[in-house]
Every structure is written in C-alpha cells, then in structure tokens.
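Input: a single structure, listed below in structure tokens.
Order of writing sets the chain letters: A, B, C and D. Residues in each chain are counted from 1.
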Amino acid sequence: MATLYLIFIIFLGGAILTYYAGKLGSVLQDIIFLATILGATSLFYAGVHINDFMSFNPGGITLTWGINYFGWLFSLIVLGLGSLAAVYSVGYMKGKKRRGYFYFNFILSIMAMLGILVSQDLISFFIFWEIMTWSSYLMVIYNGKDDQKLGLKYFIFSAIGAYAMLMAIVMVHSVTNTFLIGNMIEAYPQMSLSWQIWIPILFLTAFGVKAAMMPLHVWAPGAYSSSPMAYTSVFSGALSKMGIYGMVIILVTMISHLPQGIWFRETLAWLGGLTAALGTLWAIKQDDAKKLLAYSSIAQLGYIITGVAIGTELGLLAGLFLAVMHALFKGTLFMVVGAIEKQTGTTNFTEVTGLIRKMPWTFFSALLAIIALAGIPPLGGFVGKWMLYEALITSNHYLLVILIFFASTAAFLYCYKFLFGFFMGQEEKEWEHVKEAPATMVVPMVLMALFMAVLGSWPGIILNPINNGLVDLGFVSTYKHLWDTSILFNSWGNQVVLKPLLYSVVAIFVFFAIVLIWKGFKGTRYVSTKDISSSGEVPGENENLTFSLGFAQPFLRAVGPVMKRQIDRYYTEFADGLESFFEFLRRIYTGNGQTYAIYVFVFVVIVLLFKDVLF
Amino acid sequence: MYNDKNSQKIVDYIQNWTRKHSIWVLAYGTGCGAIEIPPTMTSRYDSERLGIRGAATPRQADVLLITGYLTVKTLKRVIRVYEQMQDPKYVIGFGSCTINGGMYFDSYNTIKVLDKYLPVDVYINGCMPRPEAVIDGFVKLQKRIGEGRATGAKHYKENLEWYRANQKKIIPNWVMPEYNW
Amino acid sequence: MKELKDNIINRIKANFKDATEKNDYNYNRLDFIVNKETIPSILFYLKDEMGFIHLSHISCVDWLEEGELEVVFIVWSPKDKIKVFVKTRIDRNNPVLDNIDMIWRQANTYERELKEMFGVQFTGLVAPEEFILEDWQGPPPFRRDFDTAEYAEKTFWHRPGREDAKNVRETISNRDGEEIPDFAKKYER
Amino acid sequence: MELFINILGAIVTFLVAFIVGMTYGGLNRKITARVQNRKGPPFYQNFIDAFKLSSKETAIHHGIMHYLGPAFLMVSSVMTLLIVPVFTNNGWFPNLNFKGDLIFLIYIMTFGPLGMALGSGQTGNPNAAIGVTRGLSQMVGFEIPWVMALIALMIQYHTTSIEGLMEAQAQTGTWFMFSSPFAFIAAILAMFGMFRYSPFDIVSAPTELASGPASENGGKYLFVMMSSGSVFTFAKLTLYVDLFLGGAANLPVLLLKTFALYLIPILYGMTTPRYRTEQAIRWFWGWPSFFGLLAIIQAVIL
C-alpha cells in the first residue's frame, strides 16, 4: 500500500525536477513531465487496490488515505484527461515561455486532485483542496500580469469557499473529535438540527464555488479563458468535477438522512437549472471562443448539478455520466481552441474563418465533441441527456425539465456558432498558410472524440464504475434495473436500445452518401468559397462575406429582458458599498491627535452633563 | 447526351419530358421588362400551371430570363449568373432590346444583340411583350426542350472562345472564375 | 418672398464680391453666378450662415459654343423654403473644380457622376472605382460633341435589318398598305 | 431472415412516405393555387420537379461537408420515420419503433438540420448561415410548447414511449385530442413552426435570403433535400396522428387523418403574413406555451 506514497513522491519530485530541467533543455523537460504524469497514472491503476485504506497519525491526528469505487470513478476523469492533456500540452507549449512554471503547476494540480480523491479525512482533503486552488490560481495568472483582476476574482471566491469548508470542518471536529469523513457521516444524524442544516450549507458553498454554481460562478468565464488552453481542458474538465464529487458525497450521505433535505435538493436542482439556462444564453452572446466555451462549461455543470441534486438513482447516474461526458467533450473543445490559437494566433470568431480544409482532424474532433455536447444521438452526450430528462420527468420536476430542455435546445445555437465561426464560412487569403496542428496535439483530441462515439452506443463502459461508486455510497445496485451495456431504462420501464439505432443511423447515412456520390465525388469540381451565387457579383480577394458578427441576434433580441443584468454587477456594487463604508470609518479615525482630543473632551462633557442620569 | 442509342433514347425522352414540364426561372430583371413577370407568375396568367416557377439562385434555376436591355455593367453579372447555372440550362431573351437594341439602338452603353454574348434559345419580341407573349415564348421553349433542340448551353461550351472574344471586346478588365464544366 | 430674396442677395453680395445674382423668377428660386474659386466658400456660407442645409443636386451644362462647362449647385433651405442655384463656368478643355464633399457627404456621389459623364475633375475627390460606366473606353458621354450613335455603331455589334426602319410609319404603310392618319403625319421625320 | 424482413419493411415504409409526402406537397401547391384563384400545377408536379432535379447535372461542390449535408438531413427524417409507428398494430412494418422513445425522437429530429447547417455553412454563402441561425432560433421557439405537450402526455400516462401512449388511447377509447385538449392545441400550434410554412418561413425566404440554407444546392443536393422534406412531412404527420388521433389501423384511415392535420398549417399560412424571427419566437412563447402550461396542470391534476 506504499504505492500511494510513491505516487505522490513521484508527483512532487517530478514537478520540482521538471521545473529545474528547463535549464538542461526543453526536450528533457518534456520527457520528465510526460514520464511523471504517465508513470504516476500507470502506477496508480497498476498498484493501488480499491477499498484498501491506510491510516497514520502525525501529531495525534489520524489521517486516512485510500480510494473507494466512487473516488476511482473520478480518478478516471482526473488521470485519464490529465494524461491526455499532458501529451497535448507538450505540443501546445512548444516555443512558449515559462514552460517550467506551466509544467510545475500542471503536475501539482493533477496531484492535488488525486489527493482529494484518495483522502478519507477532512484535514488532508482540505490541504489538497488548497493546493488545487493555488496551482489553478497560478495558472490563471500564467501570463504574468492580471489585468481585469480575473485571477483575483477567482482567488477571492475560492477563498470564500475554503473558509466555509474550514468552518464546517471545525464544527464537525467539535462534535466528533475526529477528522475522518466516515465518522462525520456516522455522527451526522445525531447532530442538532441547526448544525445539520449549517454544515451541508457550508460544504456546499465550498463545492459550489468550484462547480461554478449559479450565484458563485462569476469567476469562471474569466479564469477559464485566461489560463492556457492546455490547462483549461483540465481546469474545466476535471477540476470543476471536484466540486461535483464533494457535492454528491454531501447530498447522498448527509442530506438524504435529513427530513428537510428535500429543500436542499430542490434549491440545488433549480440553481442548476438556472445556471444551465443563463449560462447558455450568455454563451450564445460571446464572440470569443474561449469565453463561449467557458459559459457553456457553466451551463453543462448546471445540468450535472441538477442531475445529482434531484437525487434519484437515475438522476445520479445521469449527473455522473454527464460529468464524465463533460470532461471528455469540453476537454476536447478547449484543446481544439488551443490548437486553433496556436496555428492562427487568435480565437475570435470574427477574425478566423474557413479552417475546415486546412485542419481536417481538428474539425473532425470538434464536430464529434459538439455533437456530444448538443446531446444528439448517436453520441455519448445523448445518453446523459436522455437519462437526465427521464430522471426529471419520473421524479415530477415538470417545470424544471422545461427549463433544462430550453437550455439544451438553445445550446444548438452556440454549438453551430462554434463550428461555423472557426471551420466554415469564406476561406480567406489571410489564413492560407495555416497547417494542421502537430501530432501530439491532434492525437489526444481524436482519441477522446472516438471514445465519445463509443460511449454513445456502449455507455455501460462508464455506467459500470458509476454503479460501483453509487453502491459504495450506499445505493442499491442500479444495474439491470436502469441500464444494460447498451440499453437504457427509465423507472417506468421504457427503454432506448442504442445499438440498433446506431447501426440504422450509420446504414442510412452511408446509403444516402452513396446516392449523393453516385457519379463520383471526383466527377464534380471543387469550387472555392468565392464562387457563390451572390447575385452575379464576384467577391474580391480581400472581401470577406462570412456572417460572423451579431450571430444569433434575433434570438438574443427575443430573450433580451432576461440578459439585462449580470450577477457580476451585484458583487461589484456590494464591493463598492463596503469600500465607501470603510472610507466613512477612515474619516472618523483621522490619525490626528487634536481630533482624538476633541473626541475625549466631547465625551467628558457629555458624561458631566448627564451624570445624574447616568450614575 | 443526345446520342443515337435506342436505350438512351427512352431515357432522354423521359428526361426531356420532365424538364419541359418543370421549368424553374431565374428572372434577371434588368430593364423595364421585370414588370411583366409578376402578372405572368400570379393569378391572372398563372404560369405555374405549366410547371413554370421562380427559382431563388442560379444553382437551382433552369432558365435565365433576361428581361430587357443589358448595359455593359449588367452584362457582366448576367454572364456570371449564366455560368453559375447547372446544365441543362436555357436562356430566354425578352423584349426587343435583347434582339436588336430596341429603343436603345443608339445608346452608348447598352448591348444591342444578346446572342453575341450568350446562347439564346428563345426570343420573345415586343416592347414590352405582354404576359400572353411571355407564356407563348415559354411554350416554344418547352417544345424545343421536348424535341431536344434547346442545346444553347452545348453550343456555348463548343464555341466558348468566340463568346469570350465578344464579351472581352466590351469588358476589357475581365475578373471571373474560368468556366470549365 | 421679395424681401427674403433681397435679404439673401444683399448678404451674399456683401460677402462675395464676385457674385452676380440673377433674380428673374417669380417663384422661390434665386441664382448666383460666381467664379470657380468662390464655390467652396460660398457653399460653406450658405450652409452654415443662411440655413441652406440641403444639397439638392449638382448638375452640369455643356456650353459647347463658348467652350465652357457650367456646373450648377442647387441648395435648399427648409426654413425659408427657397432654393438657390450657384452656377460657375469652367474651361471645357481643362475642367477642374474644388471638391466639396467635406461640406455635404452626398456631394461625393454627384461628383463621381459628373466626373464620369462630363469629365469634370474635382481636385481631391476620393472616388475609388468607376461609378456607372464600368470598363468605359471613350470620351465622357454627356458632352455634346460625343456622338452616341456613332460610338454605339463602332463599339457594339448591330443586327442588320434596321435600315428600312428610318421612317417607321411609312414602312408599316408600305408593308400592309395602311393609310397613315393625319394626326400621325407630324411625327414623321 | 428476421433482419431481412425488417429491412424490407423499412424500405417499404420509406417508399410509402416518399410518395405520400410528395403528393401532399403537390396538393399543397394545388390548394394554394386554388385559394389564390389560380388553376395551379397538377398534383404530381412535385414528382416531375424531383425527377428533373435528379437528372440535372451536379457539377460543383464546396467541400466534403457540403457534399454530405443532404445525407445528414436524410438520416434524421428517415430515422424519425422508422421510430414512429405507422400503424396501430404494427401490422406491416415493425421498424425500430419499440427501440426508441419520444425524447430520442425529439433529439433525432434535430440531428438533420444541424448536419444540413454544416453543409450549407461550408459553401461560404452568407445567406445560408443567416437562414440557419434563423432556423435554429425558431426551433428554440417552437420546441418549448411541443415539449410541454409531450411532457403533459408522458406524466399523465406514465410512459415515454409512443406505443405506450397509443395503447393508453386504445384502452381509454378516447383520443388524446379530446381527453387532453390543451396538449393538442399546444402541439398543433408548435406544428406551424415545425413545418416552416408561412408565417414561419423566414428561414428560407426566397427573395430576401435567396432560399437560405439551400442557396448553393442545386440538382442532386436539392433532390435529396426535397425528398427528405417529403418523408419528414409524412413522419411528423404520422407522429401527430399516433399521439393525438389514436393512430390508424390501415392506410386509407392514415391518409385521411394525416391530410386533415396537414390542412391546418397550410390554411393558416395562406391567411397570415410572414413573421420576423423574434416575433415568431415571442409568438411561440406566448399562447402556445400557455396552452402547454395548462396541459401540464391538467395532467398533474388528473
């Protein structure tokens, strides 16, 4: 069981080595970096046994490490996505500055996430949580200067969450003189009601910050878009899932014992639904791909929160499956944006267009990821969406399902905007030089895209670990009752048999593709995008006809009233109010001796005047 | 396409029959003739009963209907539109202006004879031709299509150099994609 | 109306020595003939000081016999409901005039048209591509010494068979023995 | 052997849907002409157009996505057709219609437009992209009342499969059209947007957008798009008949009911001018959604 120690030693040593190996040469640095991540990953899956805990007590505090099935499920996200993103970032960071800094923080955050998963006591949980926050914060300010205070915003919200969690830990410890999570869960039902309500609220605040839940999400767009893309794929794909991880534990193990738990669940579910809807609307508005994906991450996390919050078995399955899917497709999409940024130097839809014939593999992975994001069959996203809808309908959340449906239908707009803005449209002279991204960047994207396609028809691959994890959390097995390897059931007994549907989709597509290519694809001549029927005009070389500004304007006009104010503003006004209040206080304490003398004198006079009354 | 193999003959017959009964018109309303198209299409002289309907873009159209005079500037666009259309495609010259300049016979800026620059299948004379005349012209075109004699596009392909020479004579700076299908 | 016109005339003549008025219309129209150097200043004055804020048209008249081109600026005052024609004569062989599209932006369009149709050169006029006459290879077509029929004859291909149509009605009557009505006689060439 | 029978049934279904949809399109043109006091084309005009388009040369393409765009469109319409049970007792073709359910149906219906959107996006024609965004925005509009109606049915009869709903109608003996009228009204109002006839045809406005997404597609592409549209029309009408009119036992009954439903959007469109996109969205979120809400309330109460 010393493997866990070994893994963390590998991580730390690898991080420090990588940081200093930059002086010896970039290739060596890449090799050490990859060796650290991949070695630790393989060691974890080879050497670590599940449900095999080890405890040690430095300074009288019992700490326990070890991983259960539930953590193992999330370790799939963290380590799988982490290693792919590591391979990607080797290509991404080629020829960039501050590589040592990047690699160091990358390894540290992967280690911290793994630590969160393996730590069975609150102390190490909190320590790893803080390491994660710090390393991601350093990544957000990777560019050195932190204009518009994006990193600061992220850090303030993380700090709020951390303090909430610390308070909760202290409260728990004051009741049960131990830090073990298991003991906390056992002791929870005996606590007094107010504590039973306050401890989950504090924990959920901490986790909600990381999961970018509705009122606490304002840091996310800036932080996601300002950190390097190779890390953002992990940031949005895996790091936000830590919040979901904690949330699920709290919801399942604590709140389900609480008679008032239904309020927690409903509030969380509705918050998730609002997050989904508003995040989608704001994503449609964006013109920068990073911002668009950041808002869409918020929206997707909203789906996940809703799924885990309604708390039925199907809902938890849906939420956790969507979490895995979100890690896959959002990681892929951020990688795509990174590749485009590396090749063209910009990520603005209004600047770069028509890359489909220049970067075909990037387009392929982006297409599959977008189909999965939109939840269109036969890709994996549909499975999660289907289970989410069925869970909501069968658990009588009728208006919530309408809200979720609205969000996921409006998501088509930004899905199409993403694909169209980058890959479609007029091909311009400006981007003629663009080539396909290097193999180290393309291979991870394509691998993840293909895995999504596989999950579309064989979701059992992921549903099996989820089932084990839920059993660990004390659910009865959802196997055979809600899903088979490629069949999904809802609790009313209706089913979706995925494999024949997939086969027929493929068959029909191939048939009509052949019908279209009857005379041969070569028989028809390729004409450039300048050769379009624009009422007889021939567009000039530098005349760009691509429709990219004000993309979904009619829709935004229709939903305009909803998007009048951002939650961001409320926080800003709150901060301004505090500032003016402190300004007022500063007026009283001028720091001038005479003023204080006057204060003392006035006080004495008042006392003398009213001494009869007072004494 | 119009070869003598008997098997081909039947296919050609069916194809020509469908083509003559479904004519999608791209009306290039250059001159005053554009005003004659709405009555032709709408309730009074309902041309849709003959399968004649408007097309939105050159890619979908069968017939290029040139209504009235063509200045040098519009001739450029008309040639572009014609070359964007897909085979089989036909051209109808509409009004005296396209035949011999009409009332613009001495104008310094309009072409006088359309079939020097584009292969015209059917001319409709008159200034302006009434909708009856327009429909009559369409019926003539249908007849030619049915007999497989509306081969303007083929003729255009074969003597492309001659047409290009005429077009470049009045359009000196020639900026257009080449026409090779 | 009368005193309004007098007022305008006095103010203009007070400010522009070379301006000679031509007030022989009994409706709300007033003409000024000025030198070509005065054009921008007088238009500025009319627009800014006297409320002639709308430029109706810029036209040109070809005085072939005097060998001059006369450029006419028509401005309109919505307040006083009166329009003023500012005319100037420029040499026909060297027609150069100051560009005024910094006063009215829409003047640019008129100036491009005059440039193409009369060959009037506006100094400092920014007119990127040709306006109406694309690929024009000839003299400015609106000048009176430009023979459009001859130009068309040598530029475009004509279909034979119009020669008999010199007198249309006569041809028709010859063709199918129809009597030419009296009211139509006067239309014969 | 079983598989062979299924494939055969699917092909027969497709052919029937193609013929019926094409005929309905022709009848639509004929009825429009009669309403406008014209003679109008013969009812088989669409077949002539389709054959002409298929025999027209397709000499150009704008790249692979443009080439395969219509195939995406076809996939969604044919899948919709295969999921929807054509006859009540699955007599002839038991296609795939017990392998998916309504939510799968809703999502597969949106599969094709997105693929087509990619195809027309690659042409680089700005009109195509504008039309696509308008179409997607309108889809967000009419999906809301449509989904409200479906959810009302689901939660009332505790099933999400179309068979289940048809059996529920068979057992209760009354069509949902009468037993849950608000859902029917909401669904019918959503159908106007689904068919994209006037007043919701700004997506492919011929003179404003040069027919929008189809602006670069002629010949074979247009033929495949046209036939996909016809199949989709038939599939959607059959779905409505199955959900609200108690299904149909044989072909004549099916044709009767579907045509009766098909007349509603046509006749409504002839009397209504075109809406702009945001007006259309607001229209869908107005009365139709209100009726959907009533339907859900009714379903919860019952």
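Definition applied: a residue touches a chain if its C-beta (ideal position, glycine included) is under 8 Å from a C-beta of that chain, and two chains touch if they have at least 3 such contacts.
All values derive from a computational prediction rather than experimental measurement.
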item	value
Pair with more cross-chain C-beta pairs in contact, given B-D and A-D	A-D
By mean Cα position, the chain sitting nearest the middle	D
Subunit A and subunit D, separation of their C-alpha mean positions in angstrom	36
Centre distance in Å when subunit A and subunit C are each reduced to the mean of their C-alpha atoms	69
Separation of subunit A from subunit B, taking each centre as the mean of its C-alpha atoms, in whole Å	59
Subunit D: positions in contact with at least two other chains	58-60, 210, 215-216
Multi-chain contact sites of subunit A, meaning residues that touch two or more partners	525, 527, 530-531, 533, 535
Chain pairs in mutual contact under the definition given at the outset	A-B, A-D, B-C, B-D
Subunit D-touching residues of subunit B, taken from the complex the two chains share	14-15, 18-19, 21-22, 24, 42-43, 46, 48-49, 51, 54, 56-57, 59-62, 86-88, 181
For the subunit D and subunit B complex, residues of the former touching the latter	29, 33, 36-41, 45, 48-49, 51-52, 55-60, 206-207, 210-211, 214-219, 222
Subunit B - residues contacting subunit A, complex	57-59, 76-78, 80-81, 84, 175-177, 180-181
Residue numbers on subunit A that touch subunit B, as the complex places them	525, 527-528, 530-531, 533, 535-538
Residues of subunit D touching subunit A in the complex	10, 58-65, 67-68, 70-72, 74-75, 78-79, 82, 96, 99-101, 103-104, 107-108, 110-111, 114, 117-118, 121-126, 129-130, 132-134, 136-137, 139-141, 143-144, 147-148, 151, 154-155, 158-161, 164, 210, 215-216, 220-221, 224, 276-278, 281-282, 285, 296, 300
